[in-house]
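Both complexes below contain chain A, partnered by chain B and then by chain C.
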Partner chain A sequence: MAIGQQNQTTGDDETDDADEDIVMEVRDARVQFGMSRGQAWVLNDVDMDVRREEILAIVGESGSGKSMFAAALMDAVEDPGHLSGDVTYYPRETEDDGTPSTDQIGSYDAVGDDSVDVLDMSDGELQSFRWEEVSMVFQGAMNSFNPTMKIKGHFHETIQAHNAVLDERMEHVRDLFEALHLDPDRVMNSYPHELSGGMKQRALIALALVLEPEVLVMDEPTAALDLLMQRSIISMLRELRDEFELTIVFITHDLPLVAGLSDRIGVLYAFEFVEVGETRSLLKDAAHPYTRALLRSVPSIDSDIDSMQPIEGARPDPVNIPTGCSFHPRCPIADDRCEIEDPDLVSAGEDHDAACFYTDQARSELSYILDHGSTED
Partner chain B sequence: MNYYIRRFAQAIVTFVVGMFITFALYRLVPGGPVEQIMQDRIQRMQDRGQQVDTRQVAEMAEQLTGINPDQPIPISFYEWLRDIVLYQDFGESILFQDPVFDILFRAMPWSIFLSVYGLLLGFTATIAVGVFMAWHEGTKIDSGLTVFVLVMRSIPYYVAAIVMLSVLAFQWGIFPTGGRAPPAAQPGFNLEFMTGIARHAALPIASNFIVGFAGGAIGMRALSVRVIGADYLRSARLRGLSTNRILSRYLTRNSILPIYTGFMLGIAGMFSSNVITEVIFQYHGVGWFLLEAAVNQDYPLVMAAFVFFSGITVTAIMVADFTYGLIDPRAGTGATRESF
Partner chain C sequence: MSTDDPADDIAPDDTTTTEPSDDPVLSVEDVKVHYKPGGIVKRALTDKKVQAVDGVSFDLYENDIVVLVGESGCGKTTLGKTAIGLENPTDGSIKYRGQDIWEAKNNPRDADIEFNDIRRSMQIIHQDPANALNSSRRVKAILSDPLKKWRTELGPKEREDTIYRFLEYVDMMPPEDYAERYPHQLSGGEKQRVALGRALLMNPDVILADEAISALDVSLRVGMMDLILDLQDTFSTSYIFISHDLANARYLAKRAGGRIAIMYLGEIVEIGPPDEILGNPTHPYTKVLKWSTPTVDPDLARQRIQEDPPVREVDVPDPEDPPSGCKFHTRCPEAREVCTREEPELFDTAGESDVSCFRALESHEYWNSTELAGPDDEYGQESTGVGD
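The block that comes next holds the complex of A and B.
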């Protein structure tokens, strides 16, 4: 574990030492699309540290850039999107030198001190890196399996593509299935259409973990499931993290859903993080007007999926992001300064940053009632 | 009752009804086979200045066609069908003076040879080109191939066949101008005969290839583009699967599902266009005999050829139905099926 100064993260410092063990570091990540109306920015110079073995929730409305952030973590932004900036991955330090850790199946060049520059990899390196170090569960689990192939085939082909030992991996898959409360024999021999949505989703999680990656990125993994299944998957994720020493990045539009799951929450608005903080602190005492608006629009933690009602005002347009603070057209306490200057993320409490000039004012003037139970683990 | 058995029975019924309609129509059209043959003979006898005995001619025509005009059609049909089923007796060809069954039975392998190769090549090319275009969607390769396919599609196969015949066979002499095998070669497994067969079949197969290929590639491209956009393809790529595996097991496999039935029905279409191909290349297959028979009022042979063609069609549809469940596991859950 790196021991260093208590500095908060600053954009320029590449080897930024915090007192946390960082597994992925994202700096100035930017995704651009050439559109007929002009350049669209769907991720705008975003910084984020993902700490080892944490569950980090990334919350945002649809079209806030959250899927882009997820894709950026494994350099999987689809054409014609273009990703620039830095994404650095820090493999786990092996305790006993000499023998590589079991999860280091592939061979990719480590840059300098074990850290890996994800955006600088060759195709072959990237191919190993994905799934062996960082893997992903996509939005649209219903269609993430090949409809003409049994579930088993997906596991086998993935293991073979990464030249891993089939028996050893399938043994691991059995453990995963057990942790996910799936019946291996039944699920493995089924075609995707023969499984329920929840089963498919859990099988997909197992498929993502077959090569024992360090980081699991989940993009809206529960959006298509019913509330009960959502809850049960959420609770399994915590167990998975503990059992398999995982880091989970959980992308969602549903703030209350992750309240009981995540260690930290990052709120994305208009392709930037507007608030990042420890879950309890962020929920209890949100500093950014947008986060507060999100929390206010939640009627009750026990209501259904559509609980997040739209906030007044239009969503930001990726081609015309407002100048100054991107939230100012919808912000109730915006003033002239907000229209010109773009606020940086600054500390708004312990392990809690927000990108707003008037966090104190926001906290005192914009009220919301937090439903109880949401922060109780 | 088992789905397969029911489906099979259904196919048989379709087949028999189809044959009955053909049989009845052939009889009912003004100037049916008996009358046509009678007129033909009377004409010939008159030309030769012979005495015309209409009754005698009528008897002869009846014997040739095996038709008794006084018998009701359903009963004739029953007898005709009974002879076919029990004795494989389709009657005797008027033109070739041989049992029809023997003629067609000998001709059948040749037609199947042409059609199957033409189909296999045509469909393989359709799939390969369509998937290839989709994989390179939006590039110059894609638009170039689109133009090529559209041009291919707009050339009728019989025109292509005639052009190939006149240029490659008659002018340049690369291929034989007609027939099934070199007349001098000893039939059997010898090199001369085998290469002879291949060279004789080359142009007809090329023409059938055009039938099988035409147009399908554009549709295949569209289907593949849809599959390329699917979540499971993206997931497969990120999981690090090789391009080969993605192309075969993911892309091709899933994009052929919607056109699979079309392919099977294409078999039937292929056999019917094969009639013209065989005539152009003087290739003595079932199609060639059908046309000869039709032109010469060889009624038993025409009917038997019809049986052959409707048999192929019904079988193709049935096979398409039966095998669809094998290539698309989801088909088994459909409301129209109960087995699987």
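The block that comes next holds the complex of A and C.
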């Protein structure tokens, strides 16, 4: 399936396009915590389709639920958090007979057809699933290398733990290193402390891809790096996606970081997606008041500094999420309806949905300016 | 927010009276800070020195802001700490209102201003407020320390009032509520505001803010910068701000009428007002940093993601073994032969900035020098970068 392929369906039903090749489907994902002050909701009945070979950015502030969403994709929500709902993984169909090959399914059971119920796997199945099908790179994970082991040792260990063929895998690693602009001989024979932060992070991305997963989930993978290294890694990720037919879910608080990288963006506010859309449409013509406020708050190097404004009000408390639209206490155009009714995600353009009753009004009344004065008002 | 002048209730002595003058509050003069490289064995075996800061000069005036920008390992934190007297320079001097601060420490009898007063006048806010605030103490206790030390005349009630007032200054309302909290009951932004409040309680003339907003969400940064700038007006404080992000640097420097100083391997390579630095960057390294700053415009961003970075090498060279000549020559796309052996000084340019690159000079040997071999392979040879 072509990348950036437009979803041709318009209308309200955003998810049931039969032509879409979905690799992961999240339905009613909910994560709750018991806290001394009461039940905390950190993911609130979230739906999302991850399309095969897309780069999907999940953008939210701290405490918006974005890391919970990442954890939910891999059934990695930690106790005492409890995850409910459905997470389904669809392995790639093999070209000849349309059924998944056995090595793609690995050791865990497929439910029904060719889909995999991620929340119903045993620990052992999850362990292989997390490297062989959906792999993950965390923020600051470059510090997770064992300091006394050469980089090579980490690769060997992972390959052996999954009973994969060493030579074949190491061959693949050479390709990965090339795509990540790493010198294999030098990096493999180094100890972690002998490498710069940027090199370690790239080596870690290669490690996450060593067993050729379909999906790579990255949670703030470049946050600790200098901007030049960040930008370089961002460019490399697009190349990696193209070359290795990857799907990437990129989680961040930093909208500008993903403006050029992602095909689609999902904006989380108060543990729910408030806007999901094709990147260009979402950034140039944001429909949700929160997204518009977020875009207005971003410092940039060329727009008028007076156009940059902080978002008024405090972020929602997970124990006490506002009734109705959770953004209403901070929303400049909220009315009585917003305090009572909770808006669903509805179409706000082609391949673009927003959870707001008044997207037209938001678009006409709440202005923001992208760089270079390409304005929206 | 209260409208009284906060200096009224804080001014502990006469050194804080601000008289309008053009004299710098702080003068950094040709400062060098050299270290032996890390690791005990390595340290014993080598004569090599890391030149963390290598001959930097700048002045900071009343109500001024200088934002130091550069990649990790460029020496910006070391320079900042040295400038406020937390580190001793290997060479050069730091003058606070004309008084050499290390002279004040070493020869207190000859000093016009006492070393302790100088130290109190220069405060620091760290990047990670969680580490800076004692997790086992309530906000009230954290904020009462500086008062107990510097405002001994205050009774418990006055101390409490002062704490509440400062919590209000940093927008933590209601203050009675926040005063009773422990750091873990605060968000990242709130912790950073407590740290700012604590620094301001000392009524400092200079605050070093070391990546003070980098740990915050992008969406909270403008708000925190606005708070800092508002309080700068209220308290007449000057700031040395350290940032790796030009967009934040621009916002601060533009709103405060300050300057941006670009640092590379221990040196300032370009310094000037934000419009000049961003609108008309002269040093090739400034151009790299500008190129690296992400844009939120999807068309531009998509176009830029295809471009190769304007450097011959992405990684910073090992600061223990800096390149000869112009230190940027190993990465500079404009480097010529002369750059490998001659070191440019910080030249005054026709524009408003000072630039350490031969290209800023109309006539220089550079223009007839042979170009270095074109860009190596796309990302160049990589070298081991060393963290800040």
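Basically, the second predicted complex is superposed on the first by the 333 of 377 C-alpha atoms of A that agree within 3 Å, B and C clash if a C-alpha of one lies under 4 Å from a C-alpha of the other, contacts with A are read in each partner's own complex, and residues count from 1 in each chain.
Here is the rule we go by: a residue touches a chain if its C-beta (ideal position, glycine included) is under 8 Å from a C-beta of that chain, and two chains touch if they have at least 3 such contacts.
As the structure is a computational prediction, the values presented were derived from the model and not from experiment.
**Q** Would you check which partner chain A:289 touches, where first means chain B only, second means chain C only, and both and neither mean what they say?
**A** In the superposition, A:289 contacts neither chain B nor chain C.
**Q** Just chain B (first), just chain C (second), both, or neither: which does A:197 touch?
**A** In the superposition, A:197 contacts chain C only.
**Q** Using the superposition on chain A described above, determine whether A:183 touches chain B (first), chain C (second), both, or neither.
**A** A:183 sits against chain C, while chain B stays out of touch.
**Q** If you tally the residues of chain A touched by each partner, is the higher count for chain B or for chain C?
**A** So, of the two partners, C touches more residues of chain A.
**Q** So, A:280: does it touch chain B (first), chain C (second), both, or neither?
**A** A:280 sits against chain C, while chain B stays out of touch.
**Q** After the superposition on A, what does A:343 contact: first (chain B), second (chain C), both or neither?
**A** Neither partner.
**Q** Which chain A residues come up in both lists, the one for chain B and the one for chain C?
**A** none
**Q** State the interface residues of chain C toward chain A in the complex, per the touch definition above.
**A** Those in contact with chain A are residues 71-72, 187-188, 217-223, 225-226, 244-248, 250-251, 254-255, 278, 288-306, 309, 311, 314-316, 378-379, 382, 384-387.
**Q** Mind pulling up the chain A residues that touch chain C in the complex?
**A** 61-63, 181-183, 186, 194-199, 226-232, 234-235, 238, 253-257, 259-261, 279-280, 283-284, 293-295, 297-302, 305, 308-311, 315, 370-372, 374
**Q** List the residues on chain A that touch chain B in their complex, please.
**A** Contacts found on chain A: 74, 76, 78, 127-128, 130-131, 135-136, 138-140, 143-149, 157-158, 161-162, 191, 193, 207.
**Q** Going by the contact rule at the top, pick out the chain B residues touching chain A in the complex.
**A** Listed in rising order, the residues of chain B that touch chain A are 230-232, 234-236, 238-242, 245, 249-250, 253-254, 257, 327-330, 333.
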